[in-house]
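Think of it as A, B, C, D, E and F in the order they're written, each chain with its own count starting at 1.
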Amino acid sequence: MSNYVISQIKRDHLMNLLAEGRREDGRQLDEIRKITVETGIIESAEGSARIRLGNTDVIAGVKVIPGAPYMDAPGDGVLTTGAELIPLAHESFEPGPPSEEAIELARVVDRGIRESGMIDVKQLCIKEGEEIWMVFIDIYALDYDGNLFDASNLAAVCALKTAIVPWKQYGKSKVEGDKVTEMDDVPMPVTCLPISVTECKIGNDLIVDPNFDEEAISTARLTITTDNNGNFRAMQKGGKGSITRGDLSLCLDRAVEIGKQIREIIG
Amino acid sequence: MSNYVISQIKRDHLMNLLAEGRREDGRQLDEIRKITVETGIIESAEGSARIRLGNTDVIAGVKVIPGAPYMDAPGDGVLTTGAELIPLAHESFEPGPPSEEAIELARVVDRGIRESGMIDVKQLCIKEGEEIWMVFIDIYALDYDGNLFDASNLAAVCALKTAIVPWKQYGKSKVEGDKVTEMDDVPMPVTCLPISVTECKIGNDLIVDPNFDEEAISTARLTITTDNNGNFRAMQKGGKGSITRGDLSLCLDRAVEIGKQIREIIG
Amino acid sequence: MSNYVISQIKRDHLMNLLAEGRREDGRQLDEIRKITVETGIIESAEGSARIRLGNTDVIAGVKVIPGAPYMDAPGDGVLTTGAELIPLAHESFEPGPPSEEAIELARVVDRGIRESGMIDVKQLCIKEGEEIWMVFIDIYALDYDGNLFDASNLAAVCALKTAIVPWKQYGKSKVEGDKVTEMDDVPMPVTCLPISVTECKIGNDLIVDPNFDEEAISTARLTITTDNNGNFRAMQKGGKGSITRGDLSLCLDRAVEIGKQIREIIG
Amino acid sequence: MSGHTDMVLVNDEGIRIDGRRVDEKRPIRIEAGVLKNADGSCYLEIGKNKVLCAVYGPRECRPRHLQDPTKAIIQCKYNMQAYSVNDRKRPGTDRRSVEISKLIAEALSSVVQLELYPRASIDVYVEILQANAGTRCAGLTAASVALADAGIPMRDVVPAIACGKADGNVLLDLNKEEDNYGQADVPLAIVPSTDEIVLLQMDGNMTREEFEHGLDMAFKAAHEVNEIQKDALRRRYTEISKKEGDSDE
Amino acid sequence: MSGHTDMVLVNDEGIRIDGRRVDEKRPIRIEAGVLKNADGSCYLEIGKNKVLCAVYGPRECRPRHLQDPTKAIIQCKYNMQAYSVNDRKRPGTDRRSVEISKLIAEALSSVVQLELYPRASIDVYVEILQANAGTRCAGLTAASVALADAGIPMRDVVPAIACGKADGNVLLDLNKEEDNYGQADVPLAIVPSTDEIVLLQMDGNMTREEFEHGLDMAFKAAHEVNEIQKDALRRRYTEISKKEGDSDE
Amino acid sequence: MSGHTDMVLVNDEGIRIDGRRVDEKRPIRIEAGVLKNADGSCYLEIGKNKVLCAVYGPRECRPRHLQDPTKAIIQCKYNMQAYSVNDRKRPGTDRRSVEISKLIAEALSSVVQLELYPRASIDVYVEILQANAGTRCAGLTAASVALADAGIPMRDVVPAIACGKADGNVLLDLNKEEDNYGQADVPLAIVPSTDEIVLLQMDGNMTREEFEHGLDMAFKAAHEVNEIQKDALRRRYTEISKKEGDSDE
């Protein structure tokens, strides 16, 4: 991705448009692309979702498997988030172990989900100190046209939102002290929907939901994740350029506003 | 191996010979090279064999070690087959993790042994659900002059055939319910001898047991493994060319016939 | 390190000096550089030391953590020594998994500590067959100006010498049969101080404690580790050249003598 | 092939657990041109298998030492996504996927006109979104369509399908239960115009007669699969020319 | 951010467990030029964090395919030494250190005049000797000083410090307990002369008001950290010119 | 060196558990030219150790960055095969084999005339088929013979053998029990014509006197091993000239 060189001509063209407050695809600076959500598409997963954000296409699957808890949180389920930039999705993605871009992507999505408390991990306890549900969220880019951060966040959130905890399938009962409760397969205990909104800085402008060409000429990136109350749950600045505190303020406003819009779209 | 370029002259020579139904080393098209078998050569192994198939030289060792069974087969021993194309054996073999050639080789040998039921894995149970014998078959090419598939299959089969299960050595008794049976070291429970026969396609001809030069100019490879009854247990077509159904039919005939010959040689 | 080319001029200069029995930095052939020892510098470690041997700078930390014993030594604590030649320390060190130089370094230091019986591993038993103390010695080069062997040995020895076993911190009691002894954090059970002395062969001369330039033009290296009694505990010859038995004899004498000097310095 | 079960895989009327007859393949759906970035792509479902395939190239071959000065090479990566199986698959390459990648690349090399692109690489990525036995055949079938969608000259489009054996019956196109508890599995891929075999594996236990019978079924079914491939490509070309027509207006 | 504790992290008088006020950073000590081989280096302590940083370069960029023909690139390796944390850290790169290395390199790229050294690499090595929350800020602060010590042209020296939230209080520069059991952590790095933000992360839960309040504290503290950086560099330059003066005699 | 045992390793008559005297080495068998593809090869047994060694080269050095423009380099891979020890050894390189490979390559570099082949690599592969203490000496001894068999100019053929200590006795050529439960192990390799030392390691506990005594035994035995090496090469040359003679007829 880092080596991709967009021609100087293209750059000038995009910069000229921005100077007039316009974007290549006709969007406003603070306008996101069309979002399409498909859920429940992978039967071998406990939850799944495929998100199209313009031409960016991302799939996420959730596997829920019994496992052992961490020693310092004996009654909590465990979340793990992985992301792969597979070469199927773009000519610049290479096979092999996750690149630093893929690692950053997974960690930013993970923080949004984890820090928002989206999943009530207490309800993922089978028997305290012995067995809990491990929730694996695996994200794959399928077609890359910019802003994998928001597309991946959405895919993960929608996959979790529609996931089940397979108590019955695994024949697991909830054990609390002497009390043993037989369980049906139940929906994943979701408390809120963390939504990330990513902007890029090009020249002095900030644009929401950048596409591939816009990312290529941007100097900085800012991803802000809010919860249902509009509180901030995660942020990540990326890129080799800087942003001003004024930029940040604008991004915070937009993240709250657009977060609301997206929450309405995904229900 | 993939980069080895045999000179055009050599290729023409071999093709001209084949046009007359002859081979470089004077063999018939369906004639295998001389097989030499040495067994029991590695005292630190529970079974071992070194096979020379013409100038191809392969060694296999069997280690039998107590371990835990798989959850879905609590009473079955576990077989694992590995093959290494170590750089000692040929200038084209490189150090490092197994190449795709080595992986394919190990998997084809493994399937012949596993699918023929050569080893009665039920007899490798120490205590159901708790402890079984793990059988590791490790194959090393020592000198490579073509047809590692059949040489490796033979080495693995002969090593297993002469292997022991070291019950006594490890102080293990067989536990069935309440019944505990003290055990001597016993021969590996072998039910049959899976024998693979490999052919290569050069032009329109199929030749059995190709040597290095023949492999280098062939377009396709077919390995067929039969059991003592002449039934088919494993097949693997390789190479970037194709075979016809007529080719296949000829290979099936030969695999049964030559399988019998080899079974007589190794006893 | 292997690719480092010291200019022919520098080489001639050093050789000329040696011909007169002198060294670049004014030292005698059997004279070590100034040793500075700092201990207890890392509070997150159970023991730590930073050694400056001239301009060579090495840090070692000791972590002591409860773990399971090896099956063949159920009552013994376990020592593990690692060394990393991190690129911070020299332009020739590369990031990534340990080089063969780093592996040799760690193994030579490890043998000195292990074979001298410096640590009474019997006293690191929590409950025989179940739980023992694992002692991890991790060594990092910080500035490399030759003779990492002796600097690393010293750092490891000084870190161990000042380390504690954190019985109380981990709430562990010593269990011997029915007897359970409550324990305070106690000093690491140190029985002796293994000291390594490294020499390099340049031309026909042997020089003690070589610096970077001297190492670069040397043909062979010999590291000799002695215990408090002047007995030999570990040796390692390195380099692509040879030494004579006379050289060896001289090195043995010096290793005993200089070992004593160093033992006095580090107390 | 390893398992044993009390499950009846083929009942007395010759009907299988998913309702199929012994010589009936699972429903297949193929769509070409489903990805924007890839030079060619294909989505394929067969039964509960879901496969996505992308083709990039011909393009510069990397790593360079793999370049062939006389022709292009095909590099294939077959990958099972983590959630494609019941027990989560740990990401990364395993021995099975290395073998399958090699076999798919070899099978495709038989039909692609590699000599047109010296030194180049044609990269084929097969992603298994959901697996239910038969993914190597599904992947190869999809890869052929994706190559055609990429406009790469081929002498034919390769279909693949398996035959096998369960409960003593020779069967077409094994599903997961039949694969796990059956007695043989024979993945096959052919060049439809010549009936050449470009992929063939077998494991299990089959007599000569059973094997030939299975192969007959698989050859016949492969030709049917090929029709579905061609149909998907026809739809794709119609779609493209439609778009181009639109843009002419 | 994940933990819960009965520990009182901020008492009724607004005093924290290590005795600090809510807007008070931990004691900082910075020393430049501490290593002989590196082109530039820095040792930094903040509270119980101990960090060593070395800079090599500008030098030939390896591996070559990373070279940029128009400017230098910054490559950073952030590494926690095995004994730097209570549970021994297994040597080798993990996902966290990959992310931090990337963020530090990006933050430094904002201020270094990379266009002066086409095709070159400037290599920054950050070694955490002892960790107690805030190591990425400590590492970046030290790296800026090491770059200056190496004489690499920069438009400013970057300081970094975190704000956050614990026991409902907005706090400056969280220590380990506050990080583990608190409600938010916000590492920040700025360009002091322009107040541009070059590193910003956040996790936890903060209202807009809390976040802005924390950021005010962090900006103010970053300027203070920058004074300590400049002071360390001043001492270093004095030392060097002293030596050079000495050698003139 | 680490173990303790009730086993009597050397009895009152000075006889060891395998019947040897303290200064007696195990039976050695060396055969040169045992592989077809390798440029040189050697099979060696000493006691229960079984070692196979192949030499390829001088040939182009790969990876290229290791090339030395003034001379050849020796690259060695020492490898224990999975079944060579009682507990199966997991395939792949471990730290011990890296160290031994380095030491064998260095020892051979002392005698091979590397300056004749600038930029080349001489690759030495040592495969341990069966291990019973002393494999590095066995491997180096075999490698020297394989190099000679490959016709690579050397100033001498290097023999290697260990001395050591067990039950308080200085011993020659320790076997596995003596290595496991003894008090010292000293692998040694020399250049026979000059008595230079090219490999020397020691671990355990020895006084100066014990060490010198052990070394005396090892030097003497090394010369004997060298005779067996030369004998194997003589037989190999005879065999070759015989073959060539035959083909002249």
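Just so we're on the same page, a contact is a pair of C-beta atoms (placed from the backbone, for glycine too) under 8 Å apart; a residue touches a chain by one contact, two chains touch by 3 or more.
The structure presented is a predicted model; accordingly, all values stated were derived computationally and were not measured.
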Query raised in the report: Chains shared as neighbours by subunit D and subunit F?
Result: B
Query raised in the report: Which neighbours do subunit C and subunit D have in common?
Result: none
**Report entry** Count of contact steps on the shortest path from subunit D to subunit E
**Finding:** 2
Report summary line: Comparing contact pairs by residue number, the option in A-E, B-D or A-D matching C-E for over half of them is A-D
Query raised in the report: If you average the CA atoms of subunit C and of subunit F, how many Å lie between those two points?
Result: 27
Report summary line: Chain-centre distance (mean CA atoms) for subunit B and subunit F, in whole Å, is 32
Requested in this report: With chain centres taken as the means of their Cα atoms, state the distance from subunit A to subunit B in Å.
Outcome: 48
Report task. Averaged over CA atoms, how far is the centre of subunit A from the centre of subunit F? Could you give it in whole Å? Result -> 58
**Report entry** Chain contact topology (line, ring, star, complete or other)
**Finding:** ring
Query raised in the report: Put in order round the ring, from subunit A and then through subunit E, what are the chains?
Result: A, E, C, F, B, D
Query raised in the report: Taking the complex as given, what residues does subunit F use to touch subunit B?
Result: 35-38, 48, 50, 52-54, 56, 59, 77, 79, 81-88, 91-92, 123, 125, 127, 129-132
Query raised in the report: Can you list the subunit C residues touching subunit E in their complex?
Result: 41-45, 48, 55, 57, 59, 61-63, 65, 82, 84, 86-91, 95, 97, 136, 138, 140, 142-145
Report summary line: Given the complex, residues on subunit A that touch subunit E span 2-3, 72-73, 98, 100, 103-104, 106-107, 111, 114-116, 222, 227, 230-245, 247-248, 252, 256
Requested in this report: Spell out the residues on subunit E that touch subunit A in their complex, using ranges where they run on.
Outcome: 1-3, 65-66, 95-96, 98-99, 101-103, 106, 109-110, 186, 191, 194-208, 211, 215, 219
